[in-house]
């Protein structure tokens, strides 16, 4: 039972965060909370392939950005009334846009993964980066969808007749999706497939000697991770009511990696902690000094040089011995 | 080398106030939230926006229009998501009713709709993308600088007026680049003998230089903001094209900081401007003198003038309303634009974007060995933008 | 037309040797120490700022050269001693995060010291006017200088690697790290040397490009990705690969931009040709890397081992 | 007796070096067949071709009468080929039991399922516990592999390979690095498998080879020198020369 305490604590903090924000008069906490949850979904999906599967993808923002744009593009066609390619009607229904974002991101991950996974090591890092950059340049040059100015989504997608103009409602929708996502991720990590993925990270040669065709499993994991990142991107488009190519810039991929490492690679809750730490640092440092990148850089450097296993590792050590 | 300038003190003071978060001053000041970009290669623009606004406040003892104001500044880190979050913080936690400062269209796109939907006023000192000038216009959204397209249309008009019959146009392959060439064509109306798109962030333009030389146009128009533009101009000179084929530039390619970095490679090029440091009006002279006194030989950019104008506009409205409690009154006061702009004549069009004059400028070598823009003639009077027709307020 | 092709080839060569200067250091650091150094672009920036500052203060471009080299090398030594040394035994992830932090730190330090505005770099006076190489072909001599310096450095590196004891160790190190340790060599000294050398080449590249490009904060990141592409295409750890891939990429990138839209226009309507040509050339280097890796997953001149 | 493994005319060259030179070899069903040879004779290269990590330049490999020359390593495993690694290659973060569980899971299939719970696949864990119980590692079931001794790792290598229920087991120096007592245990363990699974044993420890092998093949400079019983090998002059010329001693 004790191992449930920590996740429950995290869930409860997010549940009561808006209340706390109102009490303290710090409503920025609510926005931060929503961003943390969305980034946590994306970082956790990266952690699935990177921490559990050992695939260091430097292009994860591509799928985040695709999810972002699916919501933006569907809204654009919904608002203009013209179907995409004369076929696909636009939509502002979250029950349609979110699955659509996951689907499109999943297809992109299938194609990119199928090609990239033929390489490994540094080459894999670079080829995933290359694909993400190609997508970035593609979207920057798409005139119909605003190019680098992005798409303004005037209204958050509708869901069950909820009042989505209310920011707290949107917050709880995001919390709901994030909770479902992490429950699902928990199942995936502990499934037959999850065990295989973990084995592949530890020793691919051994897995082959057990008769496992590692490529298929890695690709499957890559697609699952891509879909989750697409989900996160779609939520981000709903929260910001905006989609733009900066969501797929290579520095965004870098930030997701930072969150994973900061939180603790391969630990289930690590990405949540890492995303929380990163967003909090960025927000409060920027409010504190205009030279915040310097301070942020120093903190990250100290964390990576001084600790192993990120924040999760640190907490475990403080709580005594479990690693 | 330019070292740290005194603004850091005011910056620190604002920071300290924000950290304390309390109403420390005797008279509750009107808070103005400034979201701007201080990070990275474009950070100098944010620096100018912030410092010019502060300058206007300092000239009046920390007041605008007789009302004490407090300027809250935060760096958006060139990220739309951060801009949006800072806006929420300003509006909900600091109860800010007037926001300003955003430089880039993509950050404005993520931030401004949220601000105006919340009943706060947003006054843009720079970015003014076409959608927000047209269909998505809003009564709480004002643009002080220009509409994005107008910049390049004015340059096209300049090329036409200078008698060129054909032109070669280049811009990076992204939305603003395409808009720039479209705007130029619209104003120019002549033959385009070559149209080239470069990569965003490209550093080497030698391939383009050879193509320009091969096409041998009467005039070259190019729009490469920031570092790309510096590289382009230097390579244009090194390729021996400067002085051979004339060039016209839009305002963002000729700001004083860029000219200083480009050096002699910019001399002889024509530009367009809605404000220049040598303007002969009282407001402009006061501004330039105050800047020189405070910042010495730090280049004075048109970005700074826009932010200064923004402060003057806010001052004119506050003078009338005395505060921000009545947003409707504030909006009505802003709409009048009853202030002496550093650029001379200024009024808002129906979409609350400027209607103003554009001028032709020459780039000449200044006394300090740094090129400067020199105003030549009036190009077009009372110029607005074509999107206002789409705006239904 | 022939003149245009020659000119574009020269342009490509110049861009290529620049990429080579950066990639040579990166590929050695990569190959020998197994460290992914995202901060390599920061060393390039440090070289550019330090060299330009000294050149402006003294009024002589040439005094800027040793200043750029020294500043970049010393920064390189410091980075190696304080940060990178602790990363040798770590995985790629920690290296990426640590060197990413270094980018943030270096960029902001440059802002603190030099301010946010880009700074001006003067051309050496003798190189400011175009020269007529062959009748009808005018070319900026400064670019010829860069080509010459780049090729000289390549020659020097070739000599260093093939004919000196240090070079022997470097070669051995990029194929088999354990072997160098077994030889009883102070591996730490070798690492410091290689890192310093790489930093110096990056600083040289930064200073040399100053008069052509903009010397500004964040200039390193613009070129960083292209440099990594060169390293990966050439094969990690291979100087020869960096040379071939750097020049190849420079020439291909330049020629794609120069000739592709024109060629495509012969095949299809102009607007489609422009759109396609544009797409291919802006994704060009990434596309090329993806294709190379799909055919040769370890790059063109992968070091065995 | 039929052959479980038939190798015909296998060749592999690295640049100018011929590492495998027209090797033909047969392992009969049920036998323990040892492959010996001095260092650099090409034993590892041969093993790697048999298990599919290296592609041969020429020749043919058959397992139980079915050609597997161009099959991937995974497919060979499905055909009934198991192997152990010379340098132990295990899942270091997992416990002994988890390692074994994964090996059984790999054989059992159904591993692309993301909605089941691997902990709830009872048959797997029952089998894992049974196999551990039969081995000497039962007491170490919950120990992470990283904490095992070298001998224990070698043992686990064997257990994992057997969990795949192979018809033919390729054993790449199972005695390497073991102490005397551990070696004896390993020999006893392998002896106990005689008749249940065919084995091709690559080994330097001649005591072990002579104690275990039904037949021995000698590989020198990539070529197969001879195949015979322990007695025939011991007596052969060419074998003696090959070994005396090298650094190692026979017996």
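Should a chain be cited, it is by its letter among A, B, C and D, assigned in written order, with residues numbered from 1 in that chain.
One rule holds for everything that comes next: a contact is a pair of C-beta atoms (placed from the backbone, for glycine too) under 8 Å apart; a residue touches a chain by one contact, two chains touch by 3 or more.
None of these values were measured; they are calculated from a predicted model.
Engineer: In contact with chain B and with chain D at once: which chains are those? Just list them.
Structural biologist: Touches both chain B and chain D: A.
Engineer: Let me check something: if the centre of a chain is the mean of its CA atoms, which chain is farthest from chain B?
Structural biologist: So the farthest one, by centre of C-alpha atoms, is D.
Engineer: Could you put a whole-Å number on the gap between the CA centroids of chain B and chain C?
Structural biologist: Going by mean C-alpha positions, chain B sits 34 Å from chain C.
Engineer: Based only on mean CA positions, could you tell me how far chain C sits from chain D in angstrom?
Structural biologist: Centre-to-centre distance between chain C and chain D: 48 Å.
Engineer: Between chain A and chain C, what distance separates the C-alpha centroids? Give it in angstrom.
Structural biologist: The mean C-alpha positions of chain A and chain C differ by 32 Å.
Engineer: Can you list every residue of chain A that touches 2 or more other chains, as numbers and ranges?
Structural biologist: Residue numbers touching two or more other chains: 137, 141, 293.
Engineer: Please list all residues of chain B that touch 2 or more other chains.
Structural biologist: Expected reply: 38, 173, 199-200.
Engineer: Enumerate the residues of chain C that touch no fewer than two other chains.
Structural biologist: Chain C, residues with two or more chain partners: 107, 111-112, 278, 282.
Engineer: I'd like to see which chains touch which, written out pair by pair.
Structural biologist: Here the touching pairs of chains are A-B, A-C, A-D, B-C.
Engineer: Quick one: which bits of chain C touch chain B in the complex? Just the residue numbers, please.
Structural biologist: It comes out as residues 4, 7-8, 11, 14-15, 53, 56, 107, 111-120, 122-123, 128-130, 138, 140, 142-143, 209, 211-219, 222-223, 254-255, 257-258, 261, 274, 278, 281-282.
Engineer: Any idea which chain B residues touch chain C in the complex?
Structural biologist: 1-4, 38, 40-41, 43-44, 47, 173, 195-201, 203-204, 206-208, 210-211, 214, 226-228, 230-231, 234-235, 238-240, 257-258, 260-263, 299
Engineer: So in the complex, the part of chain A that touches chain D is made up of which residues?
Structural biologist: Where chain A meets chain D, its residues are 187-188, 190-196, 198-199, 202-203, 205-213, 216-217, 220, 224.
Engineer: Quick one: which bits of chain A touch chain B in the complex? Just the residue numbers, please.
Structural biologist: Result: residues 25-28, 31-32, 35, 137, 140-141, 143, 146-152, 154, 236, 240-242, 244, 246, 282-283, 286-290, 292-293 of chain A touch chain B.
Engineer: Help me check something: in the complex, which residues belonging to chain A touch chain C?
Structural biologist: 50, 56, 58, 115, 118-123, 125-127, 129-131, 133-134, 137-138, 141, 250, 254, 257-258, 260-262, 265, 291, 293-294, 296-298, 300-301, 304-305
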